[in-house]
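You will see two complexes here that share chain A, one where it goes with chain B and one where it goes with chain C.
Entry: the complex of A and B
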């Protein structure tokens, strides 16, 4: 009697283990499209192998729209970027009007910086700032050091700033991990 | 705004002068009554002076006209000179004395308006922001402090102390039926008394140009009886209730994970920023956006999606929320009684 119960229990346990055999689907060789790098932002200046790959074209149409850049300027105030970056001059956060880019000067670098945040204080604004507004901010931040054409950068200030408007800022040659693409 | 021709607009302004609620000639309390009394005293003095001046002009012109045909002889008239000296001297004396009398009455009125005391007044801290009013009922106990915006509830017939300050530029607090204008100056706090004897809603405006949306910076003083005021205060002290239905719960999630939470407070949740108005009891207010829009579902949704279209230049950013998220958010905000 005891023997038959033991047999029953053992066979039930054996049946139960069968369910574990097919516990995951393994995609042994992902399709080529899935293995593409989605995020184009390059954060390190080291490139294994040989020379750096050509920088992908800017994904942002906002770099060419004076309206978008002026919107970015307004948003820069509304989201209190000046709280740390002080109208681009720097304070708690690094200055934005000089040529030194710790995490890259490309639009996608700056986008990543705003959305994901950076170590030592830059908060992540993921979900807090709608995506199109981030791109407007990116374009404005680049105009602060003269990286946008003069006809796109804001040519006057809305408030009584001592600082000249962005269109009058001297163009800086970015240094840091990634340079501007050569044109 | 409806475009109106200037005569129509002038007529409308004239009509509002005699009947509108936004009117210092319809005083609602002792301070504005004093100010109204001074207004009428000065009005009648000036009116009498005006009538006398016009009569004198009429008489002089009539006289000159009757003799216009004659050649004016060059002559000495010592009698006339003496009369003229007396007339001019009297006129100057009367003018100076009248101005002194008016000055005296202004000072008396000022003293009457300031000279109010009460051992246990209601104290309200008003802080001007671009472009809304922060209203705080301070209490030594933090959890007994009411914080709201743009709508100032006060008990009828009781003296109220208003403490002023500003967060950015100079604003001016003006509810014409209640008190004269008081500037709110950044970095400088002052105080004044108000009292309202008739229950009702008294509109007010910012009366000092303070930037782009100065014209849309309204508030209202809601005077109600002691019991209603106490009930309102007790309700305002409560934290926001937890939403019960699924949509409002989703709305709270939207509030806490999107742009809103960076500037606004809802007590009882994690949202605690003091940049924008406190929204803990948003649904209890009649108007939103500093008396710009009625507090309805549609107006609230429109304001959230694009506040820059309604009040261009204000400090709130556009929020392109997905329709489901927006509906849920508004549903949640409407539960904040």
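Entry: the complex of A and C
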């Protein structure tokens, strides 16, 4: 009895610790397979017969890693994403910090948007950005509207203060074509 | 196991402590940065302010303007770019009776910056992307559509338009309408039938090139300039054969002399603009190839001197640490032979531009008495805050007077022609420069002024803004922005964003000015009825007295106004006034593009100061035409 309780406690502690560890996880040799889920990304919110398609799994390793999101924030500047989307408020491109998602808010939607581009001016970065960096960008983009846990989203800006940091953004309820259905 | 337990306990503690510390630091930093932002307005010591003329007496223009047939064949009205009409049926005594004649919806929601044209009882309207051309029949009640022409520019072009997908209008010449599409095509359309005569691709969106400017047609050449100073384009002006659309010459802004069309005829007035291949030598190696300097603004033409005048845009990137040198021949003005494109003179308003001070604003060609002598001048209200009066035969600066608050420079040295920058106002990497006036869109952006031959005054729609800027290193990726700066704008002293100013070009002083809550982003129109027209970003179309600025009439249109008012004589012999409403452009991007102003750096720093515009107005393009009862 005592032994098994101890075991249970230990396993629970281990599980809790592991979960907490994801935040700090750095995937140094990213697996190339993450894109396989992309083909399952729904681009329309209209499901004939009212039976929503099963939601594909999220490559969550990036979404739970503060390191990946931080890398995403750096890349967001380095790949000139900020040139069009500013620090999330938009300009040439639409804002990314609000709750309006023209092409969907799911990580797979955003991945597709970056890799394939979108017809009204979003460039295609196919073969220009390594896949794991795209996922880091995806995670960062989602942090802009408070869709990531607060302990993962960046909590500071290194540059001119233009807006509150991502970690203090209120979580938005995404709307738009493929927004998450309201609960 | 114990270690586990310990770390389990200590981890949250450490985290909490870290959170506490970082919150404290954050609070400190936040309050510091808030303090600094609030303090920005006190960073304006030594601010240059415009002077006001105390005893203005109307001094009608003594020179000759092109004959006026009551039509409106190009956005600037005449080659001298006066935007002045001799029509005077609508005047200071009856303008308050103006009423709607007809309207026309463009069905589009982006910024409408174009001037309608009126030729042979037909009105022509170019829309923002997708750049449709509409012809309206003015001989019939309600001006029904005669035809429409759709060039179908690629939607992808919207991704390389820095400041909304605007178009500033078309030009008419010899039975044809000429204009440019956002995706770099110049089109020639039969004015009667709406049939395409020719279409020439002059640029490539994959290099960041786009076109928003209105071409002019001079001596059988269609003059077209590229946009893209925020995309690292290599700026150019092209002349296309009006009959065939074939490119006759291309004058690059930067690069070796042969590309810039600099040869034996090139005689700049000031020493710093003379020398071999300055378009290469005034840049770090190869930086001129991605150095901006487009020609997206206004072109004037002097038939007697056979010269065209146009300004070159800002050097790229905005991060000036990336491009030490004068960055010739950006942020200046070229005079070129219209036949050959040869550069005849050049003057650089903002050498090694630090603030996105494009020099593309209008150049009004006049003959004015300067120090008792009539000079062939051009008047140029620049983004850097000065109205320049220059000798247009040789490029000599005769005067440069501030027309808006300036902290980034102390004046223009008329001996050397050099702008006197203020060293502590230079933005660099990792340092925020504060209290910079004028801002990136300048004391005045593209919005064209008008000159009245009746009063001798220039009517300038402009901004009243200051900014903070910090430069950051930026990568060049063709077809994506190449800017490298964080910018936040705010109202200049006075606490409002714009002004409509009557300016005496001879004294270099303000005669009167009308403040506006927002930047005045519309063009101006001057008429012989002594009535001047302009529009506001919250949608008011106004007529004011040209002499004293008294508001005589106003009409609230459906959206904010950033278009160019025009006036014409209708088929019934009566005078009409037309304006496109439809907010957008760089200043109105917050509404046209639905931006999120919680990020003050949105729209290249314009969103913060425009954050209440969505409360005042909404999207929607509509033509409004007015007449007397």
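The working rule: the second predicted complex is superposed on the first by the 141 of 183 C-alpha atoms of A that agree within 3 Å, B and C clash if a C-alpha of one lies under 4 Å from a C-alpha of the other, contacts with A are read in each partner's own complex, and residues count from 1 in each chain.
One rule holds in what follows: contacts are C-beta pairs under 8 Å (C-beta built on N, C-alpha and C of every residue); 3 or more make two chains touch, one makes a residue touch a chain.
Please read these numbers as outputs of a predicted model, since none were measured by experiment.
Visitor: Under the superposition described at the top, does placing chain B and chain C together on chain A give a clash or a fit?
Guide: Clash.
Visitor: With both complexes overlaid on chain A, does A:93 touch chain B (first), chain C (second), both or neither?
Guide: The second partner, chain C, only.
Visitor: Return first, second, both or neither, reflecting whether A:75 touches chain B, chain C, both chains, or no partner chain.
Guide: first
Visitor: Taking the superposition on A as described, I'd like to know which of chain B and chain C A:132 touches: first, second, both or neither.
Guide: first
Visitor: If you count the residues of chain A that each partner touches, which comes out higher, chain B or chain C?
Guide: C
Visitor: After superposing the two complexes, find the one stretch in chain C that runs into chain B, choosing from 56-64, 74-82, 164-172 or 254-262.
Guide: With chain A aligned, chain C clashes with chain B through residues 254-262.
Visitor: Could you tell me which stretches of chain A are touched by chain B in one complex and by chain C in the other?
Guide: In chain A, residues 78-80, 128 are touched by chain B and also by chain C.
Visitor: Under the touch definition given earlier, write down the residues of chain C that touch chain A in their complex.
Guide: Interface residues on the chain C side: 1, 4-5, 7-8, 11, 22, 26, 30, 33-34, 37, 155-162, 230, 432, 468-470, 472, 474-475, 477, 479-483, 486, 488, 589, 593-604, 607-608.
Visitor: Applying the document's contact rule, which stretches of chain B touch chain A when the two form their complex?
Guide: Residues in contact with chain A: 257-259, 261-262, 275, 315-320.
Visitor: Within their complex, state which residues of chain A touch chain C.
Guide: The touching residues are 10, 13-14, 16-17, 20, 77-80, 83-84, 86-95, 97-98, 100, 117, 119-123, 128, 155-156, 159-164.
Visitor: Which residues of chain A touch chain B in their complex?
Guide: Interface residues on chain A, with respect to chain B: 75, 78-80, 127-130, 132-133.
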